[in-house]
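Next come two complexes built around chain A: one with chain B, the other with chain C.
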Partner chain A sequence: MIEVTGLGRVFVKKGRQAKRAKQSGPTAQDSRVVALDSVNLSVPEGETHGVLGPNGAGKTTLVRILSTMLLPTSGRALVAGHDVTTEADQVRRRIGIVFGGDNGLYTRITARQNLVFWATMYRVDASVVKRRSQELLERVGLADRADEPVEGFSRGMRQRLHLARGLIGDPAVLFLDEPTMGMDPLATRDFRDLVHELKAEGRTILITTHDMSEAEALCDRVSLVDHGSILVTEPTATIGRMLSGHDRIDVTLREDQSPLLSELAGLPQVERVDKLSEPGSVRIHTVSADANPVVLRWLLDAGIDALRTGRPTLEEVYVHLVGNRGLTV
Partner chain B sequence: MAAAAKVQWNTSMRAPEHMLIVVTAPVMSVIFLSIVRYNDRDDLVANAVIGTGLFGIWFVAVDVAGGVIQNERWMSTLDLVLAAPRAFALVVCGRILPVMLIGAFTLAESWLVATVGFGVQLPVAHPGIALIALIVTLLATACTATMLATFFVISRDTTIYQNALSYPFYILGGVVFPLSVLPDWIQPLGRVIFLSWSADLLRDSLSGDEVHDVVPRLGAIAGLGAIALLLGIVLIRKAADRARRTGMVSLA
Partner chain C sequence: MMVKQVIGQAAFVGFAEFKHVYTPKTWLTGWMLRLVSQVVFFGLVGKMAGDRITAEYVLLGNAVTVIAIEATLVITTASLERYQGTYPMLVVSPTNMGLVYLGRGLHWVLAGLGSSALVFALVWALFRPDWNWRVAVFALPCLIVIGLGAYVYGAILAACSLRHYKFRWVYLNFGFMVLMTFCGTNVPRSFWPAPIEWATQVLPLSHGLTAMRTLAAAGPLSDVLGQLGLEVCVAALWAALTLLFFERIASKGRRDGSLNFTS
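For the complex of A and B:
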């Protein structure tokens, strides 16, 4: 449903920005910024695909190109079989776009008036505009507030209205750009339930997010993006295998158990032991999956019963690939 | 276009600033009429009244055309509207149309100021022609302001263009004084601005004399408006394509 081949986007700084770039020395190189660099991606019909990456990685640029808001400077992208550059009108009829945050709605008019307007913009047949708007308002839980101005809505309500707006054209492909940004946990949970429903309807969804738990909860596959390139694309369920083919064991030791640590690290079945951020907690990497039962038995015999096993999480893979760069972008 | 008109109407009803011209137009009428009275030129009252009305109509159109783009940018809807299947120019035109009613209201206000405030008798000798000329003028204004919205799409600060696009149209459009008082060499330029035809026809419709060439003059207003709309559709599309190339839709 989405086919991206060698997609690139370079922004050229102009005016003062360019001057500043030239003046700031050799590290600034030139006034060109590579936002996307030869990106290849294939998202089959019905898949929910997550695009993860730090700020400035190129996630939003990718979504903006796929949704025809921005032209690529190289490569090709097809959405629902149509080229985003040469067949933008065809693409626009088949997609829905949902951005995160407060903006993107007409706040002085009501939720229903917003939907009716966008229905017209998406060429929805006049005979179904009213019915579809009502259905969507009910679906996102805004039917009771449908005739109130949007300026009085909470962020969660606005985001649900965003989703309804994105669905008004009954799109085959839905782009969600950091859709739960700034939402509280309950609103996020409701929003994710809605996305699950859309997924069950067979829609193709491309979602960009910083939130690893969101990606794990929603996505069939994820692509990790950094510096405009896709680092890896893997099924969400098995991406942890990139770091380890089998479970690791996390244990928390009491103070009196800390002398056991060196003994534990010396076991032939243990590859290494890493300290975790929680006091007294360590992660045991075993040499093979077969070694796990042996190590677990040893831990229990030693009286260490605060333990859990599991595969590397998406977050660990993300940190491993993108690096722990703190606030640096 | 109708959907966009509804959005604008509902928005304007909740936005007192859109009604500001309704307050300032009578003040402008007082200024123009005082000048006319001071010079003892009651024969120019029609110019003052029609001038204020057209002033208001054009002001509202340019204000809303620029405001629509700026608001779309502030609300982050500009990207979304440009990426929707419908032509953006029609949205802009649709949003300008309902506020034309506010602009037309200033004409009525100006007439009231003249008759009630200054005690001037200003009968409309040809009401049918005046009404049709006014309607065609409102439509042409919306179409022309749509074309001007191109500047607003590619501009980061729409206010500069809003100001710059007002006064040349007032002067070249013969809004307050007839085009014939301008230098000969500039008059042909004024004739490609629909307001000059509108102002002349509206002024003639107030006088008791027979109004000549009504249909061709209405045709000139409508034709210039239609050309502006077509140009607007093409130019806004080009401006949107440029914004897609440069990635500056939200920022311009």
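For the complex of A and C:
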């Protein structure tokens, strides 16, 4: 549904901005920003795909190109079988766009009127407009405020209206750019339920976020992005395998148990022991899955019972590849 | 017809916004006062500078030009569009934004019609011009045609102002100053050098205003209709250009990256 090959986008700063850049450094390179650098990505029909990365990684740039708001400077992108550069109109009929924040609505007219307006822009058949608007308003929980002007809406309500707006053309592909930005936890939960529903309807969804739990909750696969490049694309459920094929053991030692640490590290089944951020907590990396029962037995015998086992999480992979920049959990 | 629905929906949003632009009181004390002072000023200047004929020439010109000026305010609607972030969403919708803008600011034409009519009534009451009664009868269709012509001309400037946002006020002022200066409001078009006079043929207001003047002078109705027909052609030309210009600014915006979700 989404096929991206060698996609790149370079911004050239013009005028005063470029002059300022030139003053701070003599090379012409300074006025060029590589926002996206030769990205390859393939998202099959029906997949919910997460694009994760810190601020400035290039997530929005990717979505802008795929949603025909921006032309790439290199490479090619197909959405729903059509080239975003040469067949923008075909692409536009098949996509929906939702972005975070409360901008992008006509505030002087009602929620329903907004939907009818955009339905017309998306060439929805006149006989369907009324019913579909009502359905969407119910779906996003705005049915009882549907006939009030949007100017009186809270941020959360506007975001829900945005989502309905993005769905008005019954899109096969949906782009969500940081859709839960600034939403409260309850709204976020409702939003996730809705995305699950949309997925069940067979829509292809590309969602950008820097929220790990959001990606884990919603996405079949994720791509980690940094500095305009995709670092890795993996199924969300198994991405942890990148760091370790088997469980690690986290333990918390009481103060009187700390001498055991060096003994633990010396065990032949233990590859290494890392300190965790909580005081007294360490993560034990064993040499293989078979080694785990042996090490667990040893720990229990030594009286260490504050322990937990688990695979590496998406968050760990992110921190491993990107670092701590722009992380929200 | 999708075209009709798009223009209708766009106009609907415009009218909804317009209700918040003025209250009856601010319209009367603000906008109307400004217009009336302008008309009276030019009327008095005309009276002092010359004969009654000159004064009436200037008064008619100004009363008609009011609607042309107000119609170009569609540029401010485009600024609002950009401010509230709907501009990029319109660009990436499957409908040409130019088509949307053939309707989006139509409220300014209606407002202009109101202003023009009011100025006419006042001029008639204050200056008792020696105009043929036909002016009163045919003013409405003439003013509508002039208003629509100036509106689509303004829509192109609106497209330009979306592209060069910093210069939106320049476009607005430049837009109506050109009409006011060259299209026969205060001085006949023949006053200007030939190339300018020639160019005014394809500007809105020129032919419509001539039609109104012919009416006032009790000229032949066939001339009036001919002039109005030309005004309609000019409007059609600018409407076609509006569709083209919006496509152009959209593709330029896509190329240079000025379209974003947040602006």
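Definition applied: the second predicted complex is superposed on the first by the 319 of 329 C-alpha atoms of A that agree within 3 Å, B and C clash if a C-alpha of one lies under 4 Å from a C-alpha of the other, contacts with A are read in each partner's own complex, and residues count from 1 in each chain.
By definition in this document, a residue touches a chain if its C-beta (ideal position, glycine included) is under 8 Å from a C-beta of that chain, and two chains touch if they have at least 3 such contacts.
Not measured: the values here are computed from a predicted model.
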{"item": "Fit or clash between chain C and chain B when superposed on chain A", "value": "clash"}
{"item": "Touching partner for A:92 - first (chain B), second (chain C), both, neither", "value": "both"}
{"item": "Which of chain B and chain C A:177 touches, first, second, both or neither", "value": "second"}
{"item": "Touching partner for A:211 - first (chain B), second (chain C), both, neither", "value": "neither"}
{"item": "Partner chain in contact with A:47 - chain B first, chain C second, else both or neither", "value": "neither"}
{"item": "A:121 touches, of chain B and chain C: first, second, both or neither?", "value": "both"}
{"item": "Partner chain(s) touched by A:60 [first = chain B, second = chain C, both, neither]", "value": "second"}
{"item": "Shared contact residues on chain A - chain B and chain C", "value": "9, 11, 64, 67-71, 89, 92-93, 97, 99, 101, 103-109, 113, 116-118, 120-123, 169"}
{"item": "Residue ranges of chain B in contact with chain A within the complex", "value": "2-4, 6-7, 10-11, 14-15, 74-77, 79-86, 91, 244-245, 247, 249"}
{"item": "Touching residues (chain side chain A, partner chain C) in the complex", "value": "9, 11, 14, 60, 64, 67-71, 89, 92-93, 97, 99, 101, 103-109, 113, 116-118, 120-123, 126, 169, 177"}
{"item": "In the complex with chain A, residue positions of chain C that touch it", "value": "2, 5-6, 9-10, 12-13, 16-17, 19-20, 84-86, 88-95, 100, 254-257, 259-262"}
{"item": "Contact set on chain A toward chain B in their complex", "value": "9, 11, 64, 67-71, 89, 92-93, 97, 99, 101, 103-110, 113, 116-123, 149, 169"}
